[in-house]
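Next up: some structures, all given as structure tokens.
In what comes next, chain A is part of two complexes: it sits with chain B in the first one and with chain C in the second one.
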Partner chain A sequence: MNLAPNIDLFPILAAVLAAFCCGLLGNYLVLRRLSLMGDAMSHSVLPGLVIAFMLTGSRAAPVMFLGALMAGITTVVLVELIKRLGRVEPGAAMGVVFSVLFALGVLLIERVARNTDLDADCVLHGQLESLFWPDGPARWLDVLHPATLAAVPPQVWTLAITCAVSFVFVLVLYKELRMAAFDPALATAQGFHASILHYALMVLVAGATVAAFEAVGSILVIAMLIVPAAIARLLTDRMPTQLLLSTTIAVVAAVMGYLGSIALPSAMDKPQVNAAGSIAIALGVLFFVAMLFGPRDGVLATAIRRFYLTRRIALDDLLAALYRHEEGSPITSRFAPKVYARARRSGLVMPGQDTLTEAGRQRAAELIRRHRLWETYLVHRAGISADHAHEPAEHLEHLAEPLPSGGPQHDPHGKAIPPGVE
Partner chain B sequence: MSPASPQPPTWNEILRVLTFQGGYNTNAVLAGAAMLGLAAGVVGVFALLRRRSLVADAIGHATLPGIVLAFLTAVAMGMSGRSLPVLLLGAALASALSVACIFAIIRYTRLREDAAIGIVLGVFFGVGVVLLSYVQHPGNTGGASPAGLHHFIYGQTAAMRAGDAFVMAALALIAVGVTAALFKEFVLVTFNSEHARVLGLPFTLLDGTMLALVVLVTVAGLQAVGLILVIALLIIPPVAARLWTDRLPVLVVCAGGLGACSGYAGAAASALLPRTPAGSVIVLSAGSVFFVSLLAAPRHGVVATVLRRITLRLRIAGEHLLEAAYEHSVSRRGVSTLSSRSLRAMERLWGWPVWMGPIVVHGLRRKGHLRRTGDGYEITGPGVVRGARIARNHRLWEQYLRTHADAAPGHVDWSADMVEHVLSPALVAELEAELLAAERQPGRSPEGSPA
Partner chain C sequence: MTTSVVHTSRRPSSLAERPEHSADSPLSIHAMTVAYQRKPVLWDVDYDAPPRALVAIVGPNGAGKSTLIKAALGLVPRATGLVEFWGVPFKHVRERVAYVPQRESVDWTFPVSALDVVCMGRYRRIGWFRPVGQAHKRAAMACLDRVGLADLAHRQISQLSGGQQQRVFLARALAQEADLYIMDEPFAGVDAATERTIVQLLKDLRDAGKSAIVVHHDLQTVTQYFDHALLLNMRVVAAGPVEQVFTPDNLQKTYGGRLTLLSEAAEAVARAGINVR
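Now for the complex of A and B:
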């Protein structure tokens, strides 16, 4: 695969910039459960473009940007209005607004702007590849030349400015945005209006959507807004990490997707496929990986944790049963032979017979102590009758809390509580 | 409006199309679109009530990769690749997969429904776009032209033949039939899923059936309105119908009716006017229906709500005034005249806007509770009875809030003012009986109750 600056420089730049600002702002959408506002806005951009074109007759970037931005803001206001006036749930209100606006856009394009290069497909799918640089240099070293700056297409400028504005917005209002995202009422009580912040954020999201759609297409803006933030959400609970992760992931996916759209087909001797779509696929793949292999909450990590927990509880229960057996109670549960085998391997149960070793007895005593302390607590403090205390204590005994020393000598059933280890 | 359509259709033409005399093909498309609207409205009601409206959006967008993959598969197997049932089957499979993905994300991660929908929608559509760009190159498809695939994005009723319309109508009919047959079960699952489980209904199966119906309607609507706008048919008619009624059977019929009208009107307009994509016109007519409903619906419409609020406010203001006039006459030992000056002072105290005073006074005079005298107004016999009753309600509430509801004494008068107007006569009677005893005890009655 050969990348040449005259073909690939600006598309990659546009994809990275779009990914960065969408990835950054998307965090607040995901946290405030407004993900689909991005969806709504990116659909309703279309009539804004056409109306701006109808009014001015121009297809210049600033005109298009303003028109689309107005459409984005109109969407937010209309959704809010319908929610309030008709008492419609937010999802349905968004659906009503953006589908009607999108239909209006399609109709207007068909009837008014058909012969111009305003094209619904372009808005929808994005034309990353069309940002090539006709008389650009063919070698990467030549890019470091003042002429490069003059050749930057307007879409890339718009994206760069939106990126800068979003970055400064998030940096300056970091604390306020964080509070408004988690507790709007508290934020308002602290003296900054969460709703004003909400509208400011929505205007920025509209700006990012509009700036990005020409590069990546309006539907894929949704993926860029939501997926990086969602991936980061799976990996961390800390806000700074969340922001850092989501933007990094977005940028990595943008580069991955773009390169993939060239490299994979060319490896199979096929022509290049749509780059914006490939970026969405890259994001999807990353999300899938995070969902399965996330170190803390991934499906695999959870399954492994469950497995080890089950094993530990089975072993603990076996030791406790043997301990009670030594006290004179019969063993009522049946344990799998492999649980015995594991206990013997760990030196907790004597090889060849069903008695505890010294180490096993110590561990069992600790568990039984936990169990009987819990029973005592449940009966004396939580008002549970003695014949019902065993069941909950059976669960609580496995909680890994520090074991207190001292305390009562006997549990409510009159059995001795093993003394704590000093 | 459109420079490219020199002659607007004549009334005759419009009438001919609307009364199903516009030719076999047009009739079929019209009937198909109306059936589709009906089915989408009916199915959409349950999606709306289960707060799943936007799942339909993901389902719609997810059909794109399904369609293109079905095309590629058909071509690879040596079939034509343009066969409608094959493409729709692909669409249905892909959208079913998208629903499964949404629920898997909700189940296995900490993400909420909105994020799950957004992720699935964006990624599936991305796959679709990539596949679409792949089939654009003739070399990739063995020469088969993918020209028709494009129409599924925005819909293309104009290119629809009667046969396609029948496929659409048949799918819509199935959706309506299943909903009618399982109506009672759907209602239970929607409103009281616990009860449904206790009754032993197969909850997951019924829930899945509802989603499957959404998929069915989406697939049926692909040709007419396209995969982006099909969500509009599923959402808008139910939301509009919701403004008209609070009763579920009425809601379902209403939503189906509005959907059918939108489909019919949209398809007719698109048949009459050149270069009007039917999908957009259908959605826009549904949008107008919604707009009219939002304003004019008698139940939750804006006009009705505003009227109700103004009426309530005027009634409350009238009762305040009457109560004040009554207490004025009691405190002055029978001097029942309220001068214009003290009336204005009261209005200022209550913060009434200037227009309200005359309307309220006029209303009370019409009911015969107030009468004009030289300088001001005089409370009449019926007015005294009514005023005493309002004052009595006020006291009852004060007492109730103080003794039963743990309201702080400083807040009693304020909230009593608010609630005395909401009381039903029956509740007042009940309260009176209940609190009579408490009132008889000395020192418990707040400000001395008028009999």
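Now for the complex of A and C:
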């Protein structure tokens, strides 16, 4: 795969800038559970574009940007109004607003702009490919020439400015935005009006949506607003890390997706595919990977934790059964040979026989103590009858609570509670 | 301690002729009506909170207890009425009033630590745009220590128990170093240790000359924990020192018709009879 600046420089730059500002602002949508807002914005800018064109007859970038921005702000205001007056949940309010506005945009394009090159397809899929720079240099080193600056397409400028504004906004208002997102009531009571911050943020989201979608299309804008933030949510519990991760992921996915749209088809001797689409798919793949391998709630991490917990409980239950056997009760449950084997390997059960070692007896005594203390508690404090206390105590004994010393000497069945070790 | 029983039977005077109230009262509410979607939730509320006292707001579900607080703080719009804190509008004394919302009102999976949340109590002092400095972090840490959570400061808040989360909220209010603490159901669903911590904290605050107004749902403990009570059911049923207003008659008026609650109330009054100093 060969990248040449005259072909790939500006598309990559546009994708990266769009990814950065959407990935950054999207965090606040995801954290405030307003993910659908990205969807709403990116769809409802369409009528804004068409109306701006109808009013001015121009397709110049500033006109389009303003029209779309007005539409974005209208969306925010309409959603708030419908939420308040229509008594519907936020998701429904956003769904109503953006679908109606989008439909209006489609109708207007058909009626008014039939003979122009406003095209619903471009709106959805974007036109990264239109940013090619036919007269540009063919070598990457020549890009550093000052003349390059003059050749930067307006879409890339708009994106760069939006990125800068978003970055400064989030940096300067970091603590205010965080409080307003976490606890709007407290923020407002303290004089940091949550609704004003919300509107400011939404205006920026509208700006970012508009700036980005001219280059990458509305589908990718939705993906970039939501998916990087959602991925970061799976990977961290810290706000700064969340912001850093989501922007990094967005940028990486943009580059990965763009390169993939060239490299993968060419490896199979097919023509290049739509870059925006492959970036969105790259984001989807990253999300899937994070879902499987996330450190905290990842599918794999959960499975591993569950595996070790099951193993520990089986071992604990075996030790407890052997302890009770020493007290004279028969062993009623059957334990897999591998549980015995593990207990012997850990030096808790004597090799070759079914008796506890000293270490094993100590651990079993602690466990039995937990069990019988819980039984005592359940019977005397929680009012559970003595013959029903064993089952819940069987679960509770495995909790890693600190073990109290002292206390009763006998459980409700009259069995001795092993003394606590100091 | 100065006390005053508000006579709610009289029609509230119009705002023009209302008597100048004491600038000593941490919260004065005059003729406040609040409506959601044109359905009134609070009707003509008149109330003056006594200074340096612990006040319980008591009433059945839907009585408008939380709404009273939120409307006073300007978090929900008031249809009519005037609210003043120490004789001036809220916006001039924001830093003197700490608000503890209901625990369920926020998303506890939010990516912040306990210390981050407590630091939010100091944002007003820090001001717009400035980052949270070390001195403020130390102050927040001291507040976490006061509620016994210093060693959990860096835990993400979803890893705390319900009681611990409530204590984080209290620590955040303490971090504000306010003079009036307005709390919405701080005792709801907390463990015994947290309940003791909150009660002790409230007493400490009062001993330090501060006031607290607390929405409280447990009639059994009103007389034990609080000096004053505001019995509310859309209107103010009665307000004043607990031993004067916490009567079967008033409770009947507040909870009227709700039989199970009524018997609970009767029981509470019986207990109160034993506890009266």
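As a convention for this text, the second predicted complex is superposed on the first by the 379 of 422 C-alpha atoms of A that agree within 3 Å, B and C clash if a C-alpha of one lies under 4 Å from a C-alpha of the other, contacts with A are read in each partner's own complex, and residues count from 1 in each chain.
Just so we're on the same page, a contact is a pair of C-beta atoms (placed from the backbone, for glycine too) under 8 Å apart; a residue touches a chain by one contact, two chains touch by 3 or more.
In this text, all values refer to a predicted model and were calculated from it rather than measured experimentally.
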item	value
Which partner reaches more residues of chain A (counting touched residues only), chain B or chain C	B
Touching partner for A:277 - first (chain B), second (chain C), both, neither	first
Which of chain B and chain C A:236 touches, first, second, both or neither	second
Touching partner for A:182 - first (chain B), second (chain C), both, neither	second
Contacts of A:209 with chain B and chain C, given as first, second, both or neither	neither
A:33 touches, of chain B and chain C: first, second, both or neither?	both
Touched partner set for A:112, first chain B, second chain C, both or neither	first
Contacts of A:246 with chain B and chain C, given as first, second, both or neither	neither
Partner chain(s) touched by A:87 [first = chain B, second = chain C, both, neither]	both
First, second, both or neither for A:192, with chain B first and chain C second	second
Residues of chain A that lie at the interface with chain B and also at the interface with chain C	33, 87, 233
Complex interface listing, chain B residues touching chain A	1-2, 4, 48, 51-54, 56-57, 61, 105, 108-112, 114-115, 117-119, 121-123, 125-130, 132-134, 137, 139-140, 153-154, 228-229, 231-232, 235-236, 238-239, 242-243, 275-277, 279-284, 286-287, 290, 294, 300, 302, 305
Contact set on chain C toward chain A in their complex	37, 70, 73-75, 91, 94-95, 97, 99, 101, 105-107, 110-113, 116-117, 120, 123-124, 126, 128-129, 131-132, 156, 158, 172, 176
Residues of chain A touching chain B in the complex	30, 33-36, 38-39, 43, 82, 85-89, 91-96, 99-100, 102-104, 106-107, 110-112, 114, 120-121, 124-126, 217, 219-220, 222-227, 229-230, 233-234, 261, 265, 270-271, 273-274, 276-281, 283-284, 287, 291, 297, 299
Contacting residues of chain A [partner chain C, same complex]	31, 33, 87, 172-176, 178-179, 181-183, 185-192, 233, 236-239, 241-242
